[in-house]
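Encoded as structure tokens, here's the structure I'll be asking about.
To keep things simple, chains are lettered A, B, C, D and E as they appear, and every chain counts its residues starting from 1.
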Amino acid sequence: MISVFKINARPGRFACFVLPWVLFVVCFLLYTRASFVRHQENPRDKLVPTVTQLIDGVKRSAFEEDRKGDLRLWVDSWASTKRFFIALIIISLGILIGLNMGAFPYLELFFYRFFLFFDKVPALALLPILFITFGLGEVSKVALIVIGVMPTIVLDTFLRAKEFPRELNIKAMTLGASHFEILYRVILPNIFPKVLDTLRLNLKAVVLFLIAGESLAATAGLGYRIFVVRRYLAMDIIIPYVIWISLLAFSADFLLRYWIRHKYQWLNK
Amino acid sequence: MISVFKINARPGRFACFVLPWVLFVVCFLLYTRASFVRHQENPRDKLVPTVTQLIDGVKRSAFEEDRKGDLRLWVDSWASTKRFFIALIIISLGILIGLNMGAFPYLELFFYRFFLFFDKVPALALLPILFITFGLGEVSKVALIVIGVMPTIVLDTFLRAKEFPRELNIKAMTLGASHFEILYRVILPNIFPKVLDTLRLNLKAVVLFLIAGESLAATAGLGYRIFVVRRYLAMDIIIPYVIWISLLAFSADFLLRYWIRHKYQWLNK
Amino acid sequence: MHSHILELNGVYQKYPAKKKKMRTILSDINLQVSPGELVTVVGPTGCGKSTLLRLILGSERPYQGSVKVNGAEVKEPARNRGIVFQQYSLFSNLTVRKNVMFGLELEYFSLPGRFFGFNKSKLKEFKEKADEYLQRVGLLEHSEKYPHELSGGMRQRAAIAQAMVMKPEILLMDEPHGALDMGTREEMQIFVLEQWKQENLTVIFVTHDLEEAVFLGSRIVVLSQFYAGNTSSGGAKIVKDVPVGWELPRPTSIKHSKKFSEIMQSIRHEGLDPHFLQEIRDFDLRHNDSLSLNTTENWD
Amino acid sequence: MHSHILELNGVYQKYPAKKKKMRTILSDINLQVSPGELVTVVGPTGCGKSTLLRLILGSERPYQGSVKVNGAEVKEPARNRGIVFQQYSLFSNLTVRKNVMFGLELEYFSLPGRFFGFNKSKLKEFKEKADEYLQRVGLLEHSEKYPHELSGGMRQRAAIAQAMVMKPEILLMDEPHGALDMGTREEMQIFVLEQWKQENLTVIFVTHDLEEAVFLGSRIVVLSQFYAGNTSSGGAKIVKDVPVGWELPRPTSIKHSKKFSEIMQSIRHEGLDPHFLQEIRDFDLRHNDSLSLNTTENWD
Amino acid sequence: QAKTQTFTVVWSIYAGWMPWDYAGHSKILDKWAQKYGIKIELKKMDYIPSVEAYVAKKADACVMTNMEALDMPAASGISTSAIIMGDFSNGNDALLTRNNIGIKDLKGKDISLVELSVSHYLLVRALEMNGLKENDVRIVNTSDADIAPAFIANKKQEAVVTWNPLVMEIMQQPGIKNVMNSSSIPGEILDVMAVRTEVLQKHPELGKALAGAWYEVMATMSKRGAEADKAMEIMAQAAGCSLTEYKAQLKTTAMYYKAKDAADFTGGSEIKEKMNYVRNFCFSHGLLGENARSVDEVGIQYPDGSVQGDKKNIQLIFDSRFMVMAAEGKLE
């Protein structure tokens, strides 16, 4: 009856509302079940805390002051968010690099292979070199993210700029556009929403490197906290933190998606 | 004279041959310079080994048996490569999931939001849950890679499948294609090269999670070695290992690119 | 049995316009088509001809009203209605020949059959059939090319062959000859007529070339947004729906006859001139299947 | 000064074909065009008309031979040569009006100027100019739409406005009226003629509609791959290059004159019929700028 | 006068090192730094990265074990002085098993531990003492961050070697047995404050400030009662645990609360014997550099001036000057 496997199905209102949440609920149920079983076996189990314990963990991190009089969750979120945005801004420069590489054959020659290789270097394995170059402060944390994510953005923008229809560039030239204007007034505006999509898909990598960086040296930050309490198996703190991080990244993603959909209505075709 | 900043420049043979290597050479020179300076200061410096030391490190890892009588580099490469390919095969299933999500509105509803959220969960922070579910063996290492990379592949394939021109689906329907045939005989073959491109760009993430997984619990593997020898700052081993890993990933990328270019000549437009 | 293979009843189509309003494109379209008719559709640019085809095709559903094929409501595009789009729609990952063979293969092989029970002789048969059609549209020597290697006109012809080879019950064609030069266009017209006759197709043929419309059609339908009382948002109606009495296929010389230019003139004037605003009650809906009465006329 | 604004000398173009061979598309093309001419180019489909335009445009370089504009070798597309592509090329991220204004803005604002020295009055001027042209092509009411919201014919007209508004020295048009119905097409023809006269443009107009070619052209060039001695890989040559003697602009009634159909017939026969293979020495290259001798003729 | 010199001291979370956090938090360290006209910046890091940062000369001082001091900075030519003997592990590192397995039963079993760390050392010592060899077991390298959950979650894993607080967490699980711990090898796993010799020579005031602050904190801690509890409460929080948990960990940490005890141990002969075990372990596992020709490659100097190993390549110096000063009250 219901045309689940039809490419032109039009789900009704009810389906639109309910279906997206099914898997979340399933996950939640599985979790509570697992937690229940483990707690029956060992009432002191810390690895899979019960929901009550999780809520308690949230309360402690979000609404109770620690010894410094800080509300940890907010302090951590603020510290991480700052790094996140700084890194994001720097990474966005990768869009310009990729654009130029995609448009100018000489720059492509010069940079492409290097970025392709550099992109594959597992940054996390080279931390000592990172320390030597960038020190121990905020710079090295942001640098880790940038080194980890920027090449992907560069390469992706590069590909998009390269597959941009030549006809439109030619058209722009006949309208008097200089080579630079073609880049910034023709190619960039056209591929920008797609590039934002890429950025969106890479938020995840940003978060990953952010956490990794914070685990190394920091005094606050979401990743930092996870790694500190990890030694005590405080999953009642870790799980809410992880969900919180995911939510933040998800919201950033959502806002970007919203922005793309509304700002670039011409994309709808 | 030379039209570096021209979008229709046609670099000559010489440029094509030389330019891609310039940045590699620059990096190499910078490195040797840094290493020279540090070794003048402290001849026993281990953080930035000289080129001779690096070559010696390569020899030791690749051609001399270690304490256990293994030729480390090959044992490690073999262990990692196996994991890499198993993970890659599983991840490729993500293409099918994404395809189905992109084509069938009901599946989109059911999976999209969940994957979008799940994609953002920093897998590395939830390792304990991974251990509980998959144990400590090979499974958990592959699972880490899959959990880390598959959502990206799913989401990207999803986006590509969704932006596939409706007209062509309609056309296929008038030619008698069933809804499933549209997926596998129209959409998939058309977006496949692009999806391979995505896979290509995500090789990096695969490597990253591979290394992370191996650093957690292993007895061999490239990532394992890097983290073990880190205990005595053996950068003369780490650096060749990192370059080796990058080279392997780069070659995988290159082969994929080559395959795409030759197999999908119709893409050239 | 339904005497009409295609029925449109009170069809409206609206598209979202600025400020959450809807713009009416088609307004109260009533059209009945009997099997074996060759209906040509003309109308001013942007009047909604392509939209009309999309509704019949089923890729769009009407805002109001019903579209029925063989008495059944149209829900989605299907094997019995072929289409040649205005903007050629070949599969860019297949060569021209593979494009033409595609439908035949789909019909014969199930998805797994494609991978396992590979029937070589059948494939060969399809290849021959595809080549026969490619020969007819003059693309045989280009059969190994990919769509991006073809000129605009060549793509259109390939798309025509792709649709024709399937012998659909109803063939919908949206300005299929737009990119063809006169000679080739005439050849293609003859090809369409031949196939129509041979396979007993029902064809809905949209064109902006009046000569083509009159030459090909057993019936001409004029769609226009210009009629008395229509503000800019009123949507197009069928303002003319007339039979063309000459028997099909016709000799090309008929194009020079007086009657031919008379018909063209009247359509151009009453149907396509934005300044001539007909009253709705004056619409010339003379065709048998049309809702008005019909008169007889002399065709010689 | 060069008396010819455009010169093609011994131009060959080849494309890679199967097995690393090259296929010749254009073979020894010689063409000189004086300023202010309106050259219409016709030819069988796939003969290389679009290729010829690409060479003049500079988006492709000839395999052999030279293409000169104002005596200077053509290296890349530039401001002095406008183009309307066969497959409409609007910027999909801009509204119709913005598409038309785009060139004007580019010419006036430097890249930073766009962000800082924003000249409002200038912008307004451009907007008015764009609207004037949109009005002329009948798209004023659609000026806020994005290209994907337009029908095929509307896109073509927008592309024409976009190119026209820049008043290029040479305007290259590749079947710009392919998707237009007859009425609109005639309006657009009149628009082209008017602009041509007013701005003293040089126009190269490719079309597959012979009537259009004869009606518009001050000179007709026929390109064809069908001539005696040409195997399939020989490439197209200019097989006919004749002046059209009537003064421009012409009344539309001229289309019905006897002379008009005679010209059409002869072109169709000698130029477009694949079965009529002319000897190279018999090519009718009567035009003044052509390389053969010219004879005088009566036009009334 | 030029700007006051700033020194970076990095530390990581471990029961015996938490007093450093308290010293920073309570401004005791600032007070002492000011007294000697310098500034000291404390930075918390992960353990291995902290030593790496120290070796990369991005930090001037770092807390580490005697083993890492030998095989990381000293072996890579960063001459290091251990100026404060904080404690030795007295049960903080332990070999834990489940299913009642004893050491002798370990033969052929998988053992999770951080390879080449003090855990590894402890295991080798444990095997040695029970007549087994390292090759008799299979070592699975497991990262310290995940070793506890990995062991707890995975019932198939039967033996693990790790340190506190992980030991404490694992012990809370039912059916876990502590079969051997560092209290059986007292004084072999030492926790020291390491300062780069180069820096110390130029700025002995850094050593003085560090020692002064450290022993002030030690004094507070050893007083017992409310004030000590308050201090320890803060340390516990920084370590991410409760006061009880922290106190439990301190029980297995033999802190040298008194400067004199620390100075005496450092200056004694026992330490040379213990260090000998450690350097032999390091050499046999290639930790002195894979090219090291003998265990004597790196020289270790003791307060009495004696040198273990290569006299021309002294890279690790046990320097008790500042502890002696503190003991004699010369830092007041």
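Convention: a contact is a pair of C-beta atoms (placed from the backbone, for glycine too) under 8 Å apart; a residue touches a chain by one contact, two chains touch by 3 or more.
Fair warning: this is a prediction, and the values are worked out from it, not measured in the lab.
The chains that touch chain B as well as chain D are A, C.
Minimum number of contact steps separating chain A from chain D: 1. Greatest centre-to-centre distance from chain D is found for E, with centres as Cα means.
Here B-E and B-C were compared by C-beta pairs in contact; the pair with more is B-E. Averaged C-alpha coordinates put the centre of chain A at 37 Å from the centre of chain E. Centre-to-centre, using mean CA coordinates, chain C is 30 Å away from chain D. Averaging C-alpha coordinates per chain places the centre of chain B 50 Å away from that of chain C. Shown for chain D are the residues in touch with two or more other chains, namely 76, 87. Listed for chain A are residues 6, 8, 47, 128, 132, 180, 233, each touching two or more other chains. Touching of two or more other chains is recorded for residues 52, 55-56, 146, 149, 153 of chain E. For chain A in complex with chain E, the touching residues are 42, 44, 46-47, 66-67, 127-128, 131-132, 135-136, 215-219, 227-234.
In the complex of the two chains, the chain A residues touching chain D come out as 165-168, 170-178, 180-181, 184-186, 189-190, 264-266, 268-269. By the touch criterion stated above, chain C contacts chain D in their complex at residues 18, 42-46, 50, 86-87, 141, 144, 150-154, 175, 178-185, 208-210, 232, 268, 272-274. Of all residues in chain D, those touching chain A in their complex are 57, 59, 76-79, 81-83, 85, 87, 89, 91-94, 102-103, 106-107, 111, 114, 146-148, 162-163, 166, 168.
Those residues of chain A lying in contact with chain B across their complex are 2-11, 15-16, 19-24, 34, 47-48, 103-107, 109-114, 116-117, 119-122, 124-126, 128-129, 132, 148, 151-152, 155-156, 159, 169, 179-180, 182-183, 197, 201, 203-205, 207-208, 211-212, 223, 226, 233, 235, 238-239, 241-243, 245-247, 249-250, 253.
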